[in-house]
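Every chain is named by a letter (A, B, C and D) in the order it is written, and numbering of its residues begins at 1.
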Amino acid sequence: MSKIDLSVSVGPLKLRNPILLASGTVGYGNEIAEFVDLNKIGGIVTKSLSLKPRKGNSPQRVVETPSGMLNAIGLANVGVEEFLKTKIPFLQKFDTAIICNIAASSVEEYVECTKLLTTEKTISAFEINVSCPNVKEGGLEFGNDKKAVARITEEVKKVSTKPVFIKLSPNVSRIFEFALAAKEAGADAVSAINTLVGTSFDINTRKPKIKNITGGLSGPAIKPVALAKVLEIKRNVDIPIIGIGGIFSWKDAVEFMIAGASAFQLGTVNFVHPNISETMINDLILYCEKMKITSIKNLTGSYIL
Amino acid sequence: MFLENATVDSVTQIGTNVFLLKLLSEKIANQAKPGQFVNIKVSDTNFPLLRRPFSICNIENNFFSIMFTTIGGGTHILQNKQRGEILDVMGPLGNGFSLNDEYDKAIIVAGGIGAAPFPFLVKELVKSRKEILCFSGGRTKNDCITYEMQNVSTATDDGSFGFNGNVVQLLTSKIDEIKNANFKIFGCGPNAMLKALQTFCVENNFDGEISTESSMACGFGICQGCPVQSAEDENKFLLVCKDGPVFNVKDVVLQ
Amino acid sequence: MSKIDLSVSVGPLKLRNPILLASGTVGYGNEIAEFVDLNKIGGIVTKSLSLKPRKGNSPQRVVETPSGMLNAIGLANVGVEEFLKTKIPFLQKFDTAIICNIAASSVEEYVECTKLLTTEKTISAFEINVSCPNVKEGGLEFGNDKKAVARITEEVKKVSTKPVFIKLSPNVSRIFEFALAAKEAGADAVSAINTLVGTSFDINTRKPKIKNITGGLSGPAIKPVALAKVLEIKRNVDIPIIGIGGIFSWKDAVEFMIAGASAFQLGTVNFVHPNISETMINDLILYCEKMKITSIKNLTGSYIL
Amino acid sequence: MFLENATVDSVTQIGTNVFLLKLLSEKIANQAKPGQFVNIKVSDTNFPLLRRPFSICNIENNFFSIMFTTIGGGTHILQNKQRGEILDVMGPLGNGFSLNDEYDKAIIVAGGIGAAPFPFLVKELVKSRKEILCFSGGRTKNDCITYEMQNVSTATDDGSFGFNGNVVQLLTSKIDEIKNANFKIFGCGPNAMLKALQTFCVENNFDGEISTESSMACGFGICQGCPVQSAEDENKFLLVCKDGPVFNVKDVVLQ
């Protein structure tokens, strides 16, 4: 039993440790649970839920790029009702934070989803996805409109009985302005970042490799951009940050905390190393010991510029 | 489903651009069923970033093998693996072929490297005393793989080896000899061939299973990257990695 | 002698082939000329020039990232006067397009530089860098302000006797709006993209690896983003595009032309494979032959969506 | 300056985490001067993306060698290179030490892997009949490299090998024996050591050259990524890759 305290809080939400699994990269937890003891990590963020089930985009949905990948899943999900009926019973079994990610195409839909979910005690917090690049209506557009982000935050906060995190789009000029808008509208934290818009072509067919034409870029390739966005928010807005983007090792995770993240999410890496969220716990402890940090909280925003 | 550090036993070239990679993993070898696949991290760097999926070609004691053709960066690295190297392998994944339904005769239809899962299937079918008839096709003789299959008739687009035409045409030409037996068709190969085979089965109302392919990110159901249209519900996609890769010809709509 | 016509035009500027060397990645041409016959490629874009010499940022200026690199050179350059005196004589010797890249901190400075340079006949065109992420005053700020971009374009066009290309920042919500602003202000083409803002931390010192704190991300990592930006411009604005971002092979270059680029620039790759701009010529010819394209012009925007 | 496909002759371990990589390149071997470096693409994938710079350790006929310690991904790959493999090498790069000025005695000061360029320098100095005195330092005995040097005195921070202290302190303690000779100092090692050596030279007004390091993107002057402050003009940076890596102690301000 180590003397290092790995517990952190993201606004009002207390976590066993800063390790979270990112939305859309672990479904609703059942498959990843075969590789990771969810009781050992900080928590899991569900695939984005919409009011009604979504079929998602036609294939091809994913393609590898240099040190990254593009995806255009199109928010395929079972919908709020089915989630409560068939996914919650599984998640209930774990003593870990269950963060419910919501993606909608209208303010009303965000509110509806929140109302239906907020009564479920298994859910620890909401992450509002205002930034999915792969759905025509809404999604990215919201993410590019400060007023819309403020409005969604405000309305969701009104009906939510749990902490509300706003997941920001990186595809903007000044992300801190969106973090500020979210904060002023009452958000408890922001998650940064979602994927960068990207594409790739088959030079023989001259068609985009992704059926949706563009997709979201994730993985190590985007880590420097994600770190810069987290740092930009940290230096300009006083709000807890959940760092996301290209984390493939405990070292990457530490960089995000140094840049200002209170917790972090693992995304694409789950596809390649599904057990890393659990194996990195010990590495974080060793790092803290080496750096003589007794509580990992103290890493957050500990950059020396 | 395991995450294993599998030791490379050998890489053997069995055809122009056809390789067998034999790996040691007691867990995977003992749990594997014909038609399942493994997902391999071919390097410990970011290149390639994602795992690469390969059908389980056969098992032997605590070893399993994959059969592959080199088409890009990942397979190129695999082709050059040395005995003793450790590979990070996830598997066995997916569902596999149904071995025990009521049929006496197994009709195996392979297109090119689609022959990969069949050595294992043949071995199991022999155990369960099924009669086996194999059809293997390719563009030319070089693309036509018969490795560890039985009673194989071959088809090549250029007629350089066996029947002159594609493998489904070959099967069609032979069907009268088979028709009246109680049989089941197993197919694996390029999408175009699977579609032809599917049409052939559906039109004649033959029972059949096909092993499909899709680009994948995870291989075990968490990324939603590998959808295939469900035949029964147009609002539903099935996942190749989890609901498949083997589907009944009636269950999916191939693009 | 192949029958494939590799010549292209970028607005009024005719090029032997679409291969250009990107600003800041080949200095003023003398070093790279030891590896490449500049008479064989389309042209070269100079390091950004400012009115007065710039010392640039203190080290560390560069760091490698997954499939990319961060740089914060800080527009170190010899200044317009020295450029005309000591660099032009060398560039004069070549029969290739010399595109002069200008970076300034005020509209007036852009105009001043243009005036001084436009009389030099060795110069074929100007590329206006409104998007350098690594200089405090100006640079990126211009790049994020449509009106400023329009104004700079307009004023530079007034005094320029040569084609003017505007180099756009990718660090914006909708790059096509900037392309449109440039077009309406009279730009002959846009260059897309400059680097993405990124950073990276040393987890032992907790300091940014780049002295400037943030740097510009370049290399294969950003290729999908750059391609999406080029496609976005092509689909929304009728203006010639020079595609830039992560091109490391002739295949990458072809993707950019398919996405809408009339020509393309090689940047980071020059550091790793300094001769690739010349060696890819033959690969492009072979590709055109295979695809039965007699003139590479026809590739531009030939995507099938 | 050449771009060469150099063939790996051998990788030899000559110390705890000290390796010699011997490569065949007639052009590079014949043009190289002591103090110059090569820039190596250690893999043909994007990992690592950039070349890795290494001092030329020595030359022999058409071969040249580098001496390196493994610290990260790039050097790890180099350490595992096999005889016969082809490496994409750019070089020789940079300026090198000045061999022919007026001095009888060469004082060579190496810190850790900073010993890398000196076997080649020693060989050339011997040819031009200079007297040679070497000082090599490291944290422990393991970090203290004396490979192919002459008249070496060693210093270790932990006293495990030779003088107990750093190599510049050792040099200082010996300086009276050297002072009255007509000598020149050549230094290479970690930045802290080079600064100490520089101060020592400047204060005593000794003539000296140091081989510096900087992070680099290109290695031949096109990226401006490797600046070092010029001593004579505060508005000027020099480039380690092009104006250096070897500088007169009076010419640069080390950070």
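Criterion: contacts are C-beta pairs under 8 Å (C-beta built on N, C-alpha and C of every residue); 3 or more make two chains touch, one makes a residue touch a chain.
Keep in mind that this is a model prediction, so the values were computed, not measured.
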{"item": "Mutual neighbours - chains that touch chain B and chain C alike", "value": "A, D"}
{"item": "Given chain A and chain D, the chains that contact each of them", "value": "B, C"}
{"item": "Separation of mean Cα positions, chain D and chain B [Å, integer]", "value": "55"}
{"item": "Centroid spacing, where centroids are CA-atom means, of chain C and chain D in whole angstrom", "value": "36"}
{"item": "Euclidean distance of C-alpha centroids - chain A vs chain C, Å", "value": "34"}
{"item": "Where chain A touches two or more other chains at once, by residue number", "value": "66-68, 219-220"}
{"item": "Chain B: positions in contact with at least two other chains", "value": "46-47"}
{"item": "Residues of chain C that touch chain D when the two form their complex", "value": "24-27, 31-32, 34-35, 47, 53, 55-56, 58-64, 66-69, 71, 73, 76, 219-220, 248, 268, 270-275"}
{"item": "Interface residues, chain D side, partner chain C - complex", "value": "1, 3, 41, 46-51, 90, 214-228, 235-237, 242, 255"}
{"item": "Of all residues in chain A, those that touch chain C in their complex", "value": "65-68, 70, 144, 171-174, 196-201, 203-208, 213-215, 217, 219-225, 227-228, 231, 246, 251, 254-255, 258-259, 287, 291, 302-305"}
{"item": "Chain B residues within the chain D interface of the complex", "value": "43, 45-47, 73"}
